[in-house]
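In what follows, a single structure is set out as structure tokens and then discussed.
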Amino acid sequence: MRIRILVTGGTFDKEYDELSGRLFFKDTKVGDVLQRGRCRLDVVSETVMMVDSLELDDAGRARIVARARECEEQAVVITHGTDTMVQTARALAEATLRGKTIVLTGAMVPYAFGSSDGLFNLGSALSFVQVLPPGVYVAMNGQHFAWDCVRKNSATGCFEAV
Amino acid sequence: MRIRILVTGGTFDKEYDELSGRLFFKDTKVGDVLQRGRCRLDVVSETVMMVDSLELDDAGRARIVARARECEEQAVVITHGTDTMVQTARALAEATLRGKTIVLTGAMVPYAFGSSDGLFNLGSALSFVQVLPPGVYVAMNGQHFAWDCVRKNSATGCFEAV
Amino acid sequence: MRIRILVTGGTFDKEYDELSGRLFFKDTKVGDVLQRGRCRLDVVSETVMMVDSLELDDAGRARIVARARECEEQAVVITHGTDTMVQTARALAEATLRGKTIVLTGAMVPYAFGSSDGLFNLGSALSFVQVLPPGVYVAMNGQHFAWDCVRKNSATGCFEAV
Amino acid sequence: MRIRILVTGGTFDKEYDELSGRLFFKDTKVGDVLQRGRCRLDVVSETVMMVDSLELDDAGRARIVARARECEEQAVVITHGTDTMVQTARALAEATLRGKTIVLTGAMVPYAFGSSDGLFNLGSALSFVQVLPPGVYVAMNGQHFAWDCVRKNSATGCFEAV
């Protein structure tokens, strides 16, 4: 089973720009994460975009959905900002990508920052995608939710079942 | 679903002793790992022992099997040294712990060392244990294997399907 | 020789706020830095303020100068944002704190972010302050400059002799 | 002022070998350390050897002394194991390398292990070497000692003035 990782950015991939003192996107860290995890899965990683998910609009979501549909793989992990992860999950579910297991994940702290949950979440998502039945899921903090049973609690920053 | 983590040591939990220059065990790092991963699962962690798995004998394995049997939880993750992880998996399978899903995992580099795969592997194991059917499994490097379909390749340090 | 560290904030002490995605100040990391460096100097650390140095005004500078003057110690290290470090150095020099060796330092990347230069710069500043003759200095990137011979190159982010 | 770093190994440069579970030497980390510290000094680094200092004998010490003598630079930092750092310092002092300031430093925890004091100590040593008068010194934990006024306390692992 080959797994495709679609990279869309989010906090997971943010970096600190020394000159401006701001957070920004450079190259995705997913390769580094797979290396640190010594991941032996057959994985291909593709950067669709590198954006804060608050900046995702319908056109951006449509591109993500298109790539999820067109790629050969039946198992797809999508790294994504947490703020609108559930919206993108809905767009994917509505596209009815028959037979595909799609798991969205992200991080609360950029991988570049050392104390990140990114490595844990990616290990989690890559595991869920291998064993969950076809459908669209959100995997964060070790938990997994069907796309229509989850929301992000913006006060706590956590994902909860609804 | 509550998950029980049985800690048995292994490279995962080794630390560097500054005075002697050797690696040794102090307290398990599993709590730190769950904290870094911001794990929101209902997890209880129990230290059964802290040993290098090369030092595990039948009596030690029997204690691990006993705790896996006696604990209330149906979902059990066991952190373990990689050298004899498969042997312990076999002992657990032979104990026929009906209805329980047991996933063994570990790390190639101590969690204390920064560049560890421990966070990735624990995220992976905690995910597999929620979804895999009852049985005994080894989860390393993102992969998962039924207990009787895996061996550790000592030349490469990796786990492979057999 | 006791060394006083006056903490004023700057990038050195910034942290990432998971909920807002912004950088902010909580508690100073100087204690953690001294612990990681296993610093055996007689050091007392005092938080004067926690600000981005772009927000320092004359009143803020006056408070830093006052603490540098009033403290018992003859050796003073000041952690400070890099943007206006030279201005604060000038204010200290103009205050003619006779007999005191004062070394300002900071970081280009927050200590909290793992790949920080903070540990290197603090080790450097704590060393310079023990040996340099009385006066006011800036110590960054291993270099040291008398207060009136340095400027920050905002294009490169580096300090240069003038 | 150009500074020469002579690398001799020690705990500073030890790494963890995943396959054997042992500590060993590969390539020096000094370049990584200088990069992380964003060191802007004019530094040239040379690996003389990569050994645990308990394995240093007179012949090995003689090679270190020879390189310290022959190199063009007047400012020399030597990374070294802490166990016999003082012995090497004595050998250098007895060689009477006129006009040279030589500072030995090391680490209690390998730089590769994340929680290392290596970055702090190297920042410290590179600073001392710029301002101390010619002579041989040991710089550890923020402190500095003339070569004949220091010993390593093997019970605590710390360097103390004698």
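Should a chain be cited, it is by its letter among A, B, C and D, assigned in written order, with residues numbered from 1 in that chain.
The rule we apply is simple: a contact is a pair of C-beta atoms (placed from the backbone, for glycine too) under 8 Å apart; a residue touches a chain by one contact, two chains touch by 3 or more.
Since this is a predicted model, take the numbers as computed values, not measurements.
Student: Measuring between Cα centroids, what's the chain most distant from chain A?
Tutor: Result for the farthest chain: D.
Student: Take the average of all CA coordinates in chain A, do the same for chain C, and state the distance between these two points in whole angstrom.
Tutor: 39
Student: Averaging over Cα atoms per chain, report the distance between chain A and chain D in Å.
Tutor: Roughly 44 Å, centre to centre.
Student: Determine the centre-to-centre distance between chain A and chain B, using the mean Cα coordinates as centres, and give it in whole Å.
Tutor: Whole-Å distance between the two chain centres: 26.
Student: Touching two or more other chains, which residues of chain D qualify?
Tutor: Only 108, 115 qualify.
Student: Going by the touch rule stated at the top, which chains touch which?
Tutor: Chain pairs that touch: A-B, A-C, B-D, C-D.
Student: Name, in rising order, each residue of chain B that touches chain D in their complex.
Tutor: By the definition above, chain B touches chain D via 11, 14, 16, 18-19, 21, 23, 52, 108-110, 112-115, 154-157.
Student: Could you pull out which chain D residues touch chain C in their complex?
Tutor: 33, 36-41, 108, 115-117, 119-128, 130-132, 139-144, 158-159
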